[in-house]
Amino acid sequence: MANKKSSRSKKAGLPPGSLVYVGEGQRHETIVSYCSFNEHSIERKELSSLDEACVAPKEGDVLWLDINGLQNIEVVEKIGKFFNLHSLVLEDILNTTKRPKFEDFGDYLFVILKVVHPISDGGRFVAEQVSIVLGKNFVLSFQEIDRHDAFASVRERLNSGRGRLRRMAADYLAYALLDSVVDGYFDALEVLGENLEQLEHEAITSASEETLTEIHHAKRQTLQFRRAVWPLREIMSGIIREECDLIAKSTMVYLRDVYDHVVEVIDVLEADRDIAAGLLEIYLSGISNRLNAVMKVLTVITTIFMPLTFIAGVYGMNFEYMPELTWRYGYPMVMAIMAVIGIGMALFFRRRHWL
Amino acid sequence: MANKKSSRSKKAGLPPGSLVYVGEGQRHETIVSYCSFNEHSIERKELSSLDEACVAPKEGDVLWLDINGLQNIEVVEKIGKFFNLHSLVLEDILNTTKRPKFEDFGDYLFVILKVVHPISDGGRFVAEQVSIVLGKNFVLSFQEIDRHDAFASVRERLNSGRGRLRRMAADYLAYALLDSVVDGYFDALEVLGENLEQLEHEAITSASEETLTEIHHAKRQTLQFRRAVWPLREIMSGIIREECDLIAKSTMVYLRDVYDHVVEVIDVLEADRDIAAGLLEIYLSGISNRLNAVMKVLTVITTIFMPLTFIAGVYGMNFEYMPELTWRYGYPMVMAIMAVIGIGMALFFRRRHWL
Amino acid sequence: MANKKSSRSKKAGLPPGSLVYVGEGQRHETIVSYCSFNEHSIERKELSSLDEACVAPKEGDVLWLDINGLQNIEVVEKIGKFFNLHSLVLEDILNTTKRPKFEDFGDYLFVILKVVHPISDGGRFVAEQVSIVLGKNFVLSFQEIDRHDAFASVRERLNSGRGRLRRMAADYLAYALLDSVVDGYFDALEVLGENLEQLEHEAITSASEETLTEIHHAKRQTLQFRRAVWPLREIMSGIIREECDLIAKSTMVYLRDVYDHVVEVIDVLEADRDIAAGLLEIYLSGISNRLNAVMKVLTVITTIFMPLTFIAGVYGMNFEYMPELTWRYGYPMVMAIMAVIGIGMALFFRRRHWL
Amino acid sequence: MANKKSSRSKKAGLPPGSLVYVGEGQRHETIVSYCSFNEHSIERKELSSLDEACVAPKEGDVLWLDINGLQNIEVVEKIGKFFNLHSLVLEDILNTTKRPKFEDFGDYLFVILKVVHPISDGGRFVAEQVSIVLGKNFVLSFQEIDRHDAFASVRERLNSGRGRLRRMAADYLAYALLDSVVDGYFDALEVLGENLEQLEHEAITSASEETLTEIHHAKRQTLQFRRAVWPLREIMSGIIREECDLIAKSTMVYLRDVYDHVVEVIDVLEADRDIAAGLLEIYLSGISNRLNAVMKVLTVITTIFMPLTFIAGVYGMNFEYMPELTWRYGYPMVMAIMAVIGIGMALFFRRRHWL
Amino acid sequence: MANKKSSRSKKAGLPPGSLVYVGEGQRHETIVSYCSFNEHSIERKELSSLDEACVAPKEGDVLWLDINGLQNIEVVEKIGKFFNLHSLVLEDILNTTKRPKFEDFGDYLFVILKVVHPISDGGRFVAEQVSIVLGKNFVLSFQEIDRHDAFASVRERLNSGRGRLRRMAADYLAYALLDSVVDGYFDALEVLGENLEQLEHEAITSASEETLTEIHHAKRQTLQFRRAVWPLREIMSGIIREECDLIAKSTMVYLRDVYDHVVEVIDVLEADRDIAAGLLEIYLSGISNRLNAVMKVLTVITTIFMPLTFIAGVYGMNFEYMPELTWRYGYPMVMAIMAVIGIGMALFFRRRHWL
């Protein structure tokens, strides 16, 4: 989850409703997938011209337009005009630093979500903004990054005709999209959980300064993940309480299921946050333990050799009258005493578990 | 409580309502216990064929089907179809990573719980998912793991005819099942509490790096236990507030009692969490204390022997004119001075309680 | 406050409503005090036979039965039957591990409280369960431990006829009992506060490993005290909001006063909890300070004697051509230099406040 | 803020409504100031006899009785009887350990507040209890300590006739009293803030064990200040929501202003609490930093002199065949080598910023 | 954000409604900008005389008076009188230590906000108070500091006629002012975020005592920023819920957008607060790591040279019968043994990663 705060300032000072893409993606192509289906038939294509996108849904069909990649502002603008979306909606779609939110505009419902998917190198995530507009017989979805398709499983189910997706109305499609986003969180949670467990192992066994950086990073990732999912709880409960004609009663039970999943994700995230917070404590305990070990070595060495060196020093003195010096067995005697002292000390420390 | 996050991803991408067993149990047999009773008679058997399970309850009897072990999906599917359960209910029963929850489907009530039972080796717990379906005159219960029967005491009371269980309707049976799950928490709490107390003792007296791992583990266990019980509070208060025909007024007072017990369990868990959190502080204090002790030894040794070695060094110098060296009593005099210094230092440190 | 979790498991597996004494008190006698009074007369006796207890209150009188000691289950059972109490109420009275609670059974109100009183040895508390049943013209009170009478002051006031107690109805008596329990908290708070202050003094001045254990114990005591009092806030506000015939309007203003006292107790307890939590920080700071002091001594000694020993070592070398050695004033000169270095170092450290 | 818990126990065991002064003030005189005013005239006097106090307010006038010093219980009792106050109100006025509270008795409103004023020696506060009774055309105020007049500014404004105070009714006077109490908090906050800043400076630069005690004391002061102000928020919002004839609509806007001030005070206090909590962390960081500095000195000295002493030791050995010893330039050579090693080490440590 | 508590006391003791400037700005000129516009024309000037300011807005025009700099109390007083503002409103405008707030006075709405803008030197902020009064066809805005214009972008848009600003009524102008303040927060957040990241880098790599001060400062800045923005959430949700004629329904959707932005700002601030709180932990971990490194150096040096010095001491003893001393190869042999011991020790420490 790259820090996106800086890109936000592109907009400062512009009149509200100005359409500017605020995000970090490099300019790629914007892909518009058109899909119109009913229980019996399905028509799918990738649109080449913008005018093709702006067709009213066929009678009895559900229309799904999926716009992947937001750098092409014209596309969004044109679709917005055709489907009669409020200018603030278009602005929100393009501003990919938005917090997840839900708004009911009467004719259509508007939801902003964050898709979280892990990227290859260890334990890092990208949060991609996804906006969904649910109208009477159409669903519009906008994905920020074109390299990743958050809705692949839904697309595949639509094609195969498996499940009840083709038989249902637009609201069920919107639910399916929401569901696939929330299902994606579980995958990300797994990666996060594994990463945390590995870090914990590292923190206990062999903590370097690098580990500290890693721990801090993991903590931040967890917090940012949480920030992406947290508002969803309120949003889902808002949708469930919402009384509007766009969502059928029978779909509600499915939306409640999504709500349950969101609560579960948040539960796990809270636990992960506790684990991440505990990592630093473990790391610090590890450092303290190692410091203790080092100090014990130092103390043992000092305590053994200081008395011995002192004794050697004594017999190095140059007094004329030191009877031991002239004694035939003085030298071996002193060496023996030294050995006794040294070995005695070592045994003493071993008994106190310092060696 | 093994971490179950990873098994959750089996489901990602499947259409909602797909029946897949999500859990960690190895494949064992699925045991279906049939029990139909009224005040006067009781009929109990372990069913061999699935068709036997799907019998409508006898007039005036309460039917209890207990399915122990969830790996046999067909059983669940068949029973679900016979008792007309929603597909999402079946999905929830089979997905043993669900958060505890309660839902009222009109014709039946559906509750998911976690049974927590300690396993043999020190202070570890298994959280087993249990689902209960309460219909007009039947109760269905689903247990995740076949090696453990969470409802043994209820079964035994039914057989013996003790208490009012046989005289009451299905709602009282459902209450009895809930109650036996919550009673099980108290046993687990005891094990947890003893474990924490032992760890605290260890942390104060003889903390090794192993203790650190143990403390961390205990902290996690407490958190996971809490996660299993916490939602139950809301669930129970939801059931109590619920106005539905399936639960008689007279049963409500018993359910309120279960609610009180859940609150008590959570209270103790909160206290245990505080204790577990405090363990690390105690552990760190212990390390600091020991470091202090080590440093004192080092300082005492250094402070005693450094001056002595210095004096020996002085009289080891080779100056030609050192009057003390030729003095007859130089050597014993110096030795006496050294003894005075050494003993004086030792007494000084003893007075400061460093020795 | 002894840890009572373990005794709870006596009940596991029994049918709900089974009367078993769950607690830790040894088996003592159960004392039943009978008291029937009106404004003009009072009749008091300690009952010897159970049948005497089961007398309907006299017309116009208020009856107060105080059962002190719960080991005699028959007494509780008989009284319960006579006054027509719900079996769960009797179970709660006997299970002294219950959380404080309040329930309105229509004919009577039922309150469970914890009396906290300090025991002789430093800063320890016992939490005794007290149950109060308020009926139309009677009050039943049940005390767990017979050696301690939580209601002595009420009894004494009744006898003396002081205050308005004798002129009022049963609800005022129940209030007086509640009030005397809450007043007892203030005494316990004082003991707790003094204990904390003494520990704080110890932690700053002379922290031993024993202090650590004491601090930890005080923390736990505070938490358990809090657990005993905390639910009372909700209970009192529940009683105040309750609209029932058993409590007169004029009594309500007194119950609000009790509520205020409970809030005050909780306030002080929260402050005590902060103090207890801060004790460990102070203790750790003290250890760090002492470690610093030790290290300074070590460093000073090392820094003074290492250079001196080095110089002595230099003039202990056996080179043939060392002009200083043959110089007449070499020895006093070197000694003087050593003295200058040693004293200089000592002064330097004194200026840096290390000595 | 002296700890007042202990004085509370004077009351334990007394019947509710007993009038006993609970507080710490020594017995001083009780001063009763009488003030009756309307827009045109004002009459002020210090009352000598109690009977003078008990005069009904003049027609069209507002009466303000300010009782300063609570040790004279008779005064309070007499006034209470004359103005027909509930016995619990009188008890609360005299019990200066009460939590701030607000109660509507129909005929009059009753507010308990804490006045916080700094006392001369650094950063300490006294919390004095002030009770205000607002009747139809009178205001009674009770101050705990007679040496301090919390209402001096109001008194002065009344005399001078400045502002709208003289033109308004009793409710505005009560507001003015409240306002002057809350204004006093800002002065106390300033003293507290300066104290905290000074402590922070001390903690960073020169932390002694005394600083630790000071920090702990500041933390406690902040908490106790908070405890005195915190309930006021709820009280003020209670007064604002209150619909009663005693407070005119036009006064409400002023009370809302007081509410805003209280919220501001709490805001600053919360920030101060964070600062106070952070002080210990800074203090501990400071200790750690100093420990590091000490250890570096020790290590530098040891690392420089140990090799030198070793070399001197080598040439102090008494082997017969040590060619260097007889070499003419052996001594200066060795001295030069030692100098190179010593200076090299010192430079190395300087480069690592240890010196 | 300079600490403004001290300036607050200027007001203590004054009657409520007294107009005194409470703030820290030095006395600069007060600039009054007059702007009257409709869709077709705009009239802008800086007013020289106060009387010019007090002109009723032209029929069909929207009037915007922007008062920049509050030291000139007369201006505020005169405008207040002309537009008929409550005296408490004027007092609040001049008291720049107020908490953000919103009040509906019927004829006009009154909002106090804090503008946060970074000042040149690293990571410091100034919080400037801005008050907005929205009347039927006029908007009054008051800025505390004249050197900074928080509304520059609005002014510029008005002039250019870009956007819908000129076409809309006074409520939209008020919205635009609010929006520009909230947009300013994002800029400040960026500066804050960069500062925190830099500090984190510093804390990990090279923490000096200065870093500690910087960290503490950053923590405080974050808290004060939060304090400035936090109340805005409640204020905005209050405005949105408000039903009044002064704000058109069509403007509400824009205000909801501002509300969303405020929530986003608070989200980022909460994350920044976590980061700031984590900095100290990192700093302390860094110190501990460095201490460990220092101790390892000390231990390695001591452990290598102590045995060597001891051996040299042994052969410096003056016993008459020490066969090694007269042995031809004694000296090189001992030197070789010493080298083996020294190199062996060094290798041993390298293997344990201490070197």
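Per-chain residue numbering starts at 1, and chain names A, B, C, D and E are given in the order in which the chains are listed.
We take it that a contact is a pair of C-beta atoms (placed from the backbone, for glycine too) under 8 Å apart; a residue touches a chain by one contact, two chains touch by 3 or more.
Not measured: the values here are computed from a predicted model.
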{"item": "Labels of chains that are neighbours to chain D and to chain E", "value": "none"}
{"item": "Separation of chain A from chain C, taking each centre as the mean of its C-alpha atoms, in whole Å", "value": "43"}
{"item": "Rounded Å distance between chain C and chain D, as computed from the means of their C-alpha atoms", "value": "27"}
{"item": "Shared interface positions of chain C, touching two or more other chains", "value": "284, 288, 291, 295, 298, 302, 306, 309, 313, 316-318, 322"}
{"item": "Sequence of touching chains round the ring, chain C onward through chain D", "value": "C, D, E, A, B"}
{"item": "Complex contact set, residues of chain E against chain A", "value": "153, 156-157, 162-165, 176, 179-180, 183-184, 186-187, 189-190, 193, 200, 204, 253-254, 256-257, 260, 263-264, 267-268, 271, 274-275, 278, 281-282, 284-286, 288-289, 291-292, 295-296, 298-299, 302-303, 306-307, 309-310, 313-314, 316-322, 354"}
{"item": "For the chain A and chain E complex, residues of the former touching the latter", "value": "3, 5-6, 8-9, 11-13, 15-18, 86, 88, 97-99, 101, 103, 209, 212-213, 216, 219-220, 223-224, 227, 280, 283-284, 287-288, 290-291, 294-295, 297-298, 301-302, 305-306, 308-309, 312-313, 315-318, 322, 324-326, 328, 330-331, 334-335"}
